[in-house]
Amino acid sequence: MSDYIAGGVPEPLVPRTTEARNGREVAALAGRRREPSIGWWGMAMLVASEVTLFGTFIGSYYYLRFSDHRWPPPGTPEPRVVVPLILVGILATTSLTMQLAANAAKRGRLWATRALLVCALAVQVGYLVWAVRDFLGQLHQSTPQDSAYGSIYYTLLGADHVHVGVGILLVVWLLWKLLRGLTMYRLNAVQSVAIYWHAVNLLTLVVTGVLLSATI
Amino acid sequence: MATTAPPPSASADEVLERLERMWQARPGVLGWVTTTDHKRIGLLYFWTTLVLFAAGGAEALTIRTQLIQPNQSVVSPSTFDELFTMHGLTMIFFFIIPMTTGAFGNYLLPLMLGARDMAFPRMNALSYWVFLASGIFIYTSLFLGMAPNAGWFNYVPLSNAQFDPGHAIDFYCLGIIFNGISSSLTAANFIVTILKMRAPGMSFNRMPLFCFAFLAASFGLLFALPSLTADTIFLFLDRNVGTHFFDVAKGGSVLLWQHLFWIFGHPEVYILIVPAFGIATEIIPAFTQRRVVAFPLVAVAELLVVFIGFGVWAHHMFATGMPTVTVVFFAAATAIVVIPSTIQVFAWCMTFITGNARFKTPLLFIAGFIFMFVAGGLTGIMFLAVPFDQQVTDTYFVVAHFHYIIFGAAVFPIFGGMYFWFPKVTGKMYFELPGQISFWIIFVGTNLLFFPMHIVGLEGMTRRVYTYPSGLGWGPSNLAETIGSYITTVGIVLLLGNLVVSWFRGLPAGPDPWHGATLEWTIPSPPPEYNFAVIPKVSSAYPNWDYADRVEDRRKLAEAAMVLEQGHEQPVTSPIDGWWAEIVEMPHDSPWPILLALAMSLVFVLLLLHLWVGAVFALSGVALALLGWHGKEPQEA
Amino acid sequence: MLAGCSGKQSTLNPHSHASTDLANLFWVMMAVALGGLALVTGLLVVAWIRRGKRGFGSDPDDPHPGERAGWWVVIGMGVVFPIAVVVALFIVSDGLIVNVTSAPAASSTAMTIDAIGHQWYWEFRYPGTKAVTADEMHIPVGARINLVATTADVIHSFWVPTLNRKIDTIPGQQNRILIYAKNAGVYRGTCAEYCGLQHAHMSMLVFAQPKAQFRAWLRKEAAPAASPTASLERQGEQVFLNGACSSCHAIRGTSAAGYVGPDLTHLASRTTLAGDTIPNTPSYLSRWIVDSQHYKPGNEMPDLQLSGAQLHALVAYLESLR
Amino acid sequence: MSAGREVVPARRETLIAPSPDEHVGRFTLRQLSVVQWIGVVVAPLAWTGQHIVGYGVGQARCEVGVAWNLGFDTWQLALTAATVLLILLSEAAAVTVFLATRETNYGDGPAGKGRWGGRTPYARIHFFATAAMVANVLFLVIVLMDGLISTFTPLCVQS
């Protein structure tokens, strides 16, 4: 067609998104932006890399398991099943809260965003506190220095807890940012942290499942 | 176009002058330290990697001198082990990757995509400073006389605390992880830049092949590095915390190291050469004045070679005694990973033939690259024959093979690219005759250096021996190799000398000396800070040859349309079809990247000194730097 | 040139069925490879000859001259033909020849030899006998031997190119390989996996002997060391047993049972020392004892601070260990 | 990311692009795009799965001695057959899209010859379909090679 326009949209109609400085403008411009933000993509790349790292850990777990028939080795207590599963299940619900927060922010609803983030934060902190206490408790019965099983077990669990901790710091930072109102920059941040948490929750589920598979 | 009518009161000169003001960098050193300009960062990468290339080259020359004839003792065995380990680490992690992705990619990607900067300019600066810090970190070990000495693939148990006490391998583990952070950031940055920052209208089928290559290499880095990171973390824990990942007595496995290492290590090979393919696919059209034949196949080949490359790792482990039924899976993938390369080779050759080839220096280097790459590739195909691989692996035959690939197929295009884009970067033209001479010296030198390695390898000379007995007939070949290494050095010195002299004495080159195909040739040389005064219209993968579009851009400049001069503005498009999604404000230069890199260096130094608590406290420094980084939002700038 | 007189360790100087197959496989692949290289080089030469003939824009009706032809070349020479070649190579090498070099069926071998890699020497044991030797392996000609390669420390790789391909010695793993020599002779092998400071001096010699000779050698090797007769040799024995030697080296039939260095029970019957580094002559032996670090820097052997007389006696004793 | 409701009409007016519901042969443009992605991604994913599982089954059977109730060859052949089917599906999708979009041109821009010239997204769809048609063949060959050879080689002999 002869009146072909590069990129499909004439310049005056393209949203200058970074100009949004309050909830209303954010809602309007975010609505007209038809794509995830660059920040979202950046976080997606980070998440892809982290998921691959955990994939490697899990691959190593099964490689070691299949090169040693005694798994877990005699003398090492088998991981507990019920409590971890319940708590991970609770943590997983924060994916919902985070996503709702992201959607609220996209509609420019500052207070809803803050409230949902606080809810998520409460659950996440609760989980981490329990997880760390449990981690230290287990160290009394068996240590990473006992055997390859202990090494990979505690490395996987520890790495997962670290990711939960980083996620909590991110949410705290978001809330601190949102004290000074909503901007497009902060909307992008909320959306990015949301997918980070989706990934972390998924990883926590998978890691727990992998570690429990030793009991089968 | 009526739809992009200019704002009433703006002439071209006002617009350009406003862009200048908007984008101009801080003066002096401060400008370089705090820069987020992809061109400046590219140049920083370029100079740094050249220095490290010199270091790696010096190591190689010492190695060759030690091996010039039987039973030499130029260096002690322990020094020799450190030299070949550092040579491998340097050339792979501190020369080729940062030179291709860091220098060429940073400088050229935004220019080819019609963008004004990378997707994450400050993260881009961070990548550089972290890379610099990791380079200093690992070379400190050499000056402290405790350099890594277990080979670049560092097999356990030779590299565990029992057989290699001291800090050498800790330097290796931490240095690799530190450098990996830089590479991962660069990779993520490139992927998002290529997917989101293309000029509006540059749908995937209109993207230059150079960008396909860097997309492939970036995905390779992003998904391969975690495996190496995990591996080095395990080893560091085994050495310093007392875990048993690789301790057979406690249920560990030594082959776990090899699997994890090569899951990274083989894609790594393609990460090294695919950007070089990209450079070749830019130089060939420019000097044949013809599009690359079979564009879609070449594009997909660049992606496929990396993708299939993830499935061949175990062919580095055929001699470890795996069951045949599992080995064949990797042999089959090894067989087919060849095909994308044959596709590209024949596409290049047909472009040479059907086009109007002008054999200037850059094209000479590409022709040499094709020859070396085919030679190295054909010996590579032989490794799919499991029994033959088991015969020659760990011998100089393999050394010959991968030097033909890494020097021939990765470094030749880098040299060609240096000549090709020299006019764009400096605005000066290099001297042609010395350029061509430098090519022939390097070409003869490298073949004399690497070809005899095939022969000694078949004659049974193994890798990583610091000396060899006389009476096995290895003397003449080794002598030839050493002479070849000296000749190659002369050629490289001539090449760099030519560029340095041309920088001061060269004739002005003008914006487009080659009638190049891609967008970087549509703008002045050297490019202005804002790259493009008018966001260019793109309707094919060779936009500089779409005359009508370039005329339209010039008209738009006169009308001050499509200029986006209200700030550090940059169009963002949809990932596949390049529909225009938004206009964003890009960050200005910032001191935080270098401060963050310093904080991270402190963490790694403390880890090296086993000051665990201190390292944890130093992490708070990292957090503070990140807070400062995100303190000021773009719209507040 | 490749398989010349100096081919003691050359992959192209085969002395077994396995190495012969491997060498032939190489020559075939080499021929094909040269063909491919010639083809591509030829195309580049053609481009050079036809340079400046035509190009982009020279013909407005046909902006991309030769595009269609180019496509067919890329599909034909770049996809179909190479796939055919690699598939054929894959079937021949990984379907058929691989079985020649893979571990032998236990029933199909005449005897087993254990090769144990140490930093930095090879220890050879002959299961069923007491024979233990180092760096020099004796095998009967024309017998299929099941070689079990293991390691005492790091990863080494057992490789005698003229007899078969290499096999790594992996901690916790018992890798096996078929060793077979068509004709009698001395074949040189070496450690192929980088194993530390003296990786360069971890070679070995394989003596393929007629069956009778081999049995005689094995019988002698299995026997304990004959106690010395001459007084000088007896002094030497005392130096060995009371000095530091016996804490690292074993001599069967005496109280010396160290396991750090090689077994010396029949040292004098070997032709070389220190992994085919120096010939086993009295003068070299004494020089080795005095300053082994000169020949093999970083090896485990300490400076023994022997007086001239002690050294003289010790060498005499060791030379008596036939 | 779905567009906010209030701007959907604005988008319809301003986006100078073919409607996703436009008919191209038997498909709408949207469907064609989906089929194209099937042609691009299914085969690589299928090969990835077969590669990992096939290798894993061998390791488990030979290194660990885990013998599931199915025999090794049955495993390999079933796995190979399933993968081959997926790859053929992928190839069929690529060919369909290629044929449906022949009247475009991946490289010459909007001015290109043919019914749609080189306009987005027709040209992009055609481009990916062309590439996928060749790529899928490679995956097919890999799967056939290792799938079949691994059943012919003697089981669990150390290479």
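We call the chains A, B, C and D, going by the order they appear; numbering starts again at 1 in every chain.
The rule is simple: a residue touches a chain if its C-beta (ideal position, glycine included) is under 8 Å from a C-beta of that chain, and two chains touch if they have at least 3 such contacts.
What you see is a predicted model, and the numbers here were worked out from it, not measured in a lab.
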Pair with more cross-chain C-beta pairs in contact, given A-B and C-D: A-B
Chain separated most widely from chain C, comparing mean CA positions: A
Rounded Å distance, chain A centre to chain C centre (Cα mean): 52
Whole-Å gap between the CA centroids of chain A and chain B: 31
Distance between the centres, which are taken as Cα means, of chain D and chain C, whole angstrom: 47
Chain B and chain D: spacing of chain centres that average the CA atoms, whole Å: 29
Overlap residues in chain B, where contacts from two or more other chains coincide: 201, 253, 255, 291, 297, 321, 324, 327-328, 331-332, 335-336, 339, 343, 386, 390, 539, 578-579
Shared-contact residues (touching 2 or more other chains) in chain A: 3-5, 8-10, 33-35, 67
Multi-partner residues of chain D (each touching 2 or more other chains): 15, 17, 59, 63, 108, 110, 120, 134, 138, 141, 145, 149, 153-154, 157-159
Chain pairs in mutual contact under the definition given at the outset: A-B, A-D, B-C, B-D, C-D
Chain B contact footprint on chain C (complex, rising order): 1-2, 4, 6-12, 18-19, 21-22, 25-26, 29, 32-33, 36-37, 40-41, 43-44, 46-48, 50-58, 64-67, 69-71, 73-75, 77-79, 82-83, 86-87, 89-90, 93-94, 97-103, 119, 153-155, 157, 159, 161, 165-168, 170-173, 175-176, 188, 190-200, 203, 276-277, 297-298
Touching residues (chain side chain A, partner chain B) in the complex: 3-12, 14-21, 29, 33-35, 38, 41-42, 45-46, 48-50, 52-53, 55-57, 60, 63-64, 67-68, 70, 73, 144-152, 155, 169, 173, 177, 183-186
Complex interface listing, chain B residues touching chain A: 1, 3-5, 119-120, 123, 184, 187-189, 191-192, 195-197, 199-201, 222-223, 225-227, 229-231, 233-234, 237-238, 241-245, 247, 250-253, 255-256, 259-260, 263, 537-539, 561-562, 564, 566, 569, 571-575, 578-585, 623, 627, 630, 633-635
Chain D contact footprint on chain B (complex, rising order): 201, 203-206, 291, 295-297, 299-300, 304, 307-308, 311, 314, 318, 321-333, 335-336, 339-340, 343, 386, 390, 539-541, 546, 548-549, 576-579
Touching residues (chain side chain D, partner chain C) in the complex: 108, 134, 137-138, 141, 145, 149, 152-154, 157-159
